[in-house]
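One structure is given here, and the rest of the page talks about it.
Labels for the chains are A, B, C, D and E, by order of writing; each one numbers its residues from 1.
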Amino acid sequence: MPATAASAALGTRLDHLSITHGKRVRLWRLLYGAGPANGTLLVLPLDQGMEHGPADFFPNPAALDTDFQFRLALEGRYSAIPLGIGLAEKYFHPYCGRVPLILKLNGKTNIPPDDEAVSPLMATVEDAVRLGADAIGYTLYVGTPRQDVELLQFQKVRQEAGRFGMPIVMWAYPRGSAIEAQGGKGTLFAIDYAARVAEEVGADIVKLHEPNDETAGVPEPYRSLRESAGQRLQRVVRSAGRCLVLFSGGSKLDPDAALAKVELCMRSGAAGIIFGRNLWQRPYDDALALSRRVHEVIARYPA
Amino acid sequence: MPATAASAALGTRLDHLSITHGKRVRLWRLLYGAGPANGTLLVLPLDQGMEHGPADFFPNPAALDTDFQFRLALEGRYSAIPLGIGLAEKYFHPYCGRVPLILKLNGKTNIPPDDEAVSPLMATVEDAVRLGADAIGYTLYVGTPRQDVELLQFQKVRQEAGRFGMPIVMWAYPRGSAIEAQGGKGTLFAIDYAARVAEEVGADIVKLHEPNDETAGVPEPYRSLRESAGQRLQRVVRSAGRCLVLFSGGSKLDPDAALAKVELCMRSGAAGIIFGRNLWQRPYDDALALSRRVHEVIARYPA
Amino acid sequence: MPATAASAALGTRLDHLSITHGKRVRLWRLLYGAGPANGTLLVLPLDQGMEHGPADFFPNPAALDTDFQFRLALEGRYSAIPLGIGLAEKYFHPYCGRVPLILKLNGKTNIPPDDEAVSPLMATVEDAVRLGADAIGYTLYVGTPRQDVELLQFQKVRQEAGRFGMPIVMWAYPRGSAIEAQGGKGTLFAIDYAARVAEEVGADIVKLHEPNDETAGVPEPYRSLRESAGQRLQRVVRSAGRCLVLFSGGSKLDPDAALAKVELCMRSGAAGIIFGRNLWQRPYDDALALSRRVHEVIARYPA
Amino acid sequence: MPATAASAALGTRLDHLSITHGKRVRLWRLLYGAGPANGTLLVLPLDQGMEHGPADFFPNPAALDTDFQFRLALEGRYSAIPLGIGLAEKYFHPYCGRVPLILKLNGKTNIPPDDEAVSPLMATVEDAVRLGADAIGYTLYVGTPRQDVELLQFQKVRQEAGRFGMPIVMWAYPRGSAIEAQGGKGTLFAIDYAARVAEEVGADIVKLHEPNDETAGVPEPYRSLRESAGQRLQRVVRSAGRCLVLFSGGSKLDPDAALAKVELCMRSGAAGIIFGRNLWQRPYDDALALSRRVHEVIARYPA
Amino acid sequence: MPATAASAALGTRLDHLSITHGKRVRLWRLLYGAGPANGTLLVLPLDQGMEHGPADFFPNPAALDTDFQFRLALEGRYSAIPLGIGLAEKYFHPYCGRVPLILKLNGKTNIPPDDEAVSPLMATVEDAVRLGADAIGYTLYVGTPRQDVELLQFQKVRQEAGRFGMPIVMWAYPRGSAIEAQGGKGTLFAIDYAARVAEEVGADIVKLHEPNDETAGVPEPYRSLRESAGQRLQRVVRSAGRCLVLFSGGSKLDPDAALAKVELCMRSGAAGIIFGRNLWQRPYDDALALSRRVHEVIARYPA
């Protein structure tokens, strides 16, 4: 991409932000210096070992060795790989400078129930800086009864990230007993609110799930809405405002379904795609092949 | 306004306060340097996206883009726009110096029940200083069972604000199971107590709702009171002491009802009006037109 | 008072204390430099607006304006006026140096139930120093199920006060479900224990309520005691050890009853009287007249 | 005692410890510089006013005045007097340098139930240093459901004490609902565990109660043990390892029973005796006489 | 071992780690400078006195004196001895430099139930550095309902350990009501998850129990697995990734069974063995003899 084009694109994504040079440098690297490099993001997350346990690796035991994902991120030209402190410290070594790192700062196991979910810090912004990460990842459980704990913890992280010029990628997940009592964590109501919260609390990029079409138990005016899948995606993209939206793949789909999802998300205004299990639960070569097909789609949505 | 008049007015509002020069400068800007500029305040808040979710924008989807409110604040000559860290960082850029910012420091979603409501910090006084805000906004849930958490958190904010000379605008909201058991959050009992608490804990300006005339379940001596709407407003203004009182508009009213409310509030001693949904849930031109009519009313109550 | 007499008196009250010069200076001002100035204390508190709400001002609405109490404290020659940070910042200005200030550091509303009462900090010792206070006021809820929170918070305040040489006036209030299960907060058992706790935790001056003669539910050996009102007062004065005891007036009494109470308290060894509602719930002139009569009684108990 | 003897004795009690010179100096003062001065300890505690209330002083009202205990400690040649910050600040003055002080750092009232007992800090190691104390006293509730709070708080105290070379005397008290469900706080099981915990967490000296012979509800292998009173004492002394053990007197005994208890404890390997109510609930002269008889016993167990 | 061999071996175990020189030095000492000195670990823990109480010493009362374990660690050529702050401060003195110390930072008694288990800090990384430890030990209760507390506390320890170059040996223990509801703490599901968590949170070495073959109540896909004891061990070693795995002995086995267990664990990829009660619940000479036989097995698995 010629400098002028990059500059223009940078304008589209970055110029309106009142951010330090450090954050601008790192966001540029993610959007234009790696991955699709056209202002979009293709992200390969690996937090499932902590969040779900080793069970997620049963379909493809080779993926238990984190080198698998790093290699895939490199050869599959991913924008970044988000993972936790333990994996970063043990496996990032040979990929430093070649694959952008998003250090996932918080996490938890899924063993206790999620009624009052909170996601404690497992690393700090300082760790991210020390490890040469280009962003931090942070999970916020939106609407959990313990939201005071969640928001306070994030506040400190946001402020620290601001000081270091570290972009924030937020996993904005509706969660907890109150959201379950209002239709569940996958509804448009829940995800639309989560999108807005991400913007309100100061995320730069937000990872969201695709909202379902469930309306039972959902509060108005959402209960009466009847929107297509694309309209729902567009709505949450608008609610996220100037947060760049990544839609996630969720559990493994067949390749064509996965690609159709990518297409729909990008057409709806997403800034990119974050695909974990859809990729690394496949054999390496299949994962690489699918990655290439995803690139072809994303290439049609430069920003 | 000639310097002498300003000086006299400043005396009325500010001279009795034992405050640093920094706070005096900022309060002067809010009261005499922007908005009606006659010692009153006309404030356009935008914390509803966090507090209520995107549903509040359904009547006027254009308002989802925070630029809408900033533009309205500028062209409608508002004294200030209060909003959270995420919106300030992403949308304040082109309005710096032209629209005073009140950085709302705390907030929460309305997804979990409010029985034991607390409002966690989402930003700090340091953020407000860095962003060039002219005041901080703070929500205190008066009478919540977790008031120890609420008051302790505010204490630290107040002390920090004092050090930086940052005025404090308090959203003093009766809230929680105990207040519900005593007649609810909208009664004169509840709001009158909240007004006093704002003064006691050290707010400079307090936002209050207009008290209703409900007396069921309310403790004495309030239960036996029979006061007009105007008398109730005057009472809470007196209870707020030397805190300047802003009355809020609440949900959308028709323009004439809104103007009547403004008139009544100002006549009852309010220092100003804080109108959010009443403004930005209307099309831009309607909102601007209504803003002008509000200015006409307020202009008759200089201080 | 000639220097020699003052010196002797100071000995009586202060010589045994291992305190810094700063605390000695401030205690001297309270005991010999203001109010009765004979080693006793006459204190006019104003924390009821926070603790009880504006309802306490209904009998005398003029008292809603804190200037009322400051004026009364000045003209009625009170030893000090204790109030919170908000009132101190807004109303102390014209009285600086003329009326000693006791900055009340903690407080709460009475809206939620008191079963597990705690009283959070609303200001700090640093605030007291900055405002020129001569002491800090602190409420300790003795015997509350959350006594660990209460005692830890006080510990930090005591240590900070020690560093700055700031005397501590403790409102030692038995409170909470456990004390209610043992006869209630007003019994000799409860108040006698509170008096000792004040001495044990490091208060300089303790405000106590007059114990009632209730014995139902009270533990032994208190249940079997049958003591006169005067004996009960003497007992708690002894239990407070070298803490100076202030007895409080409680709710409004008729003037003669109030004076009889003062007489009995002083005769029982109290160091002084703390009268709030008994004073400022009366019209100004009545309050001033009663203050003078109280002075006459107290003048007969120099120390 | 000639220097050589002292040096040998010091070896017995102190040489194996990896401690700073400051701690060595202070332990030497307690063991060889005061009290029996033969490597044993005779300690006169006064924390009951806080822990039990003024009721403990009913048998001997003169003891309400803390000067009583200080005088007794001096004339009765006690190794040290442990008490809290309030008493130390108000009564230690004339005894500085003449009676070693153990500043009791934490405490609570006995008003709320003990099911989830914790003992909050009421003073700090810094206070102890400032007051010239020769050790700190600390109560640890072993086995309470809130042991995480208890242990974390102690950890900080231990580390601070280590930095200042301040010996730690631990009141190791089994307490709480879980210990009650396993036979109660007085069993050999409970006290043996407490002795070990004191050693494990880093106490230098541990105060323990004499274990009873109750086995109902106690876990194995303790339930099947049938040991004499002396065997039980020896067992806990062994479990405390290199912590010096003080056995407490508990409530008042007749003088001969008290002396028999001292004899048995010392013969079982205790480093000393801590007798509070057994002493100061008696008239001064009786207390002094009993102290002398205790000295005669202890003198036969030099270390 | 010649330098070249050591260097190669060091590569196997250490080269991939992005760690400071300090950590490399200490890990080298544990793996090649002490114990089997062939890249494996033979560890003699002594945290049972705190975790289980003195009952664990009933089979061999001589072991109550911590000198027993230190002597055994020295003469039995153990890689390290992990124990708490109190034991380290009192017994490590004569063994400094001769037996590597792993300072166990947290712990608790087993008196209260484990439903919501947390393990509070009893010492800090700073203590470990001061005492000359070669690693810290840390217990993490995986899946406990209070995992937020557990993970946050560990986060701070990990970061501090990182700064000082202190290796982390994690006791990764599934624990609490939620894990009990999913088959219990000993299942492959539970221990496999714990292994992964240790790697994810940043442990260097993890101590795990051998998983049982229980499947009742266990979630899929584990419920359907039917694996041999060796296969289960291999699985958890793989799940621990680049964390070195120590399998624990658990309660006392007969010598041949213990040796068979060692053989199986080492063959399954363990980096070593951690045997406490299996050793020090035997008479000294038996323990020493068994240690020698364990060495013979381990010598066949250099790394």
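FYI, a contact is a pair of C-beta atoms (placed from the backbone, for glycine too) under 8 Å apart; a residue touches a chain by one contact, two chains touch by 3 or more.
Because the structure is a prediction, the values reported are computed rather than measured.
Name, by label, each chain that touches both members of the pair chain C and chain E.
Touches both chain C and chain E: D.
On Cα atoms, by how many degrees is chain B rotated relative to chain D, nearest 5?
Between chain B and chain D the superposing rotation measures out at 145 degrees.
What whole-Å value do you get for the distance between chain A and chain B if each is reduced to the mean of its CA atoms?
36
Centre to centre, by mean C-alpha position, how many angstrom separate chain A and chain D?
Taking the average C-alpha coordinate of chain A and of chain D, the gap between them is 58 Å.
Chain B: which residues touch two or more other chains?
Where chain B meets two or more other chains at a single residue, that happens at 149.
Can the chain contact pattern be summarised as a line, a ring, a star, a complete graph, or none of these (other)?
Graph shape, chains as nodes and touching pairs as edges: a ring.
Beginning at chain C, go round the ring through chain D first and name each chain as you reach it.
In ring order from chain C, with chain D immediately after, the list is C, D, E, A, B.
Would you pull the chain A residues touching chain B in the complex into a rising list?
16-19, 142-145, 147-149, 151-152, 154-155, 158-159, 174, 176-179, 182, 189, 192-193, 195-203, 219-222, 238-239, 241-242
Report the residues of chain B in contact with chain A in the complex, numbered from low to high.
Residue positions touching the partner: 49-50, 53-55, 58, 61, 64-66, 84-87, 89-93, 107-109, 111-113, 118-124, 126-127, 149.
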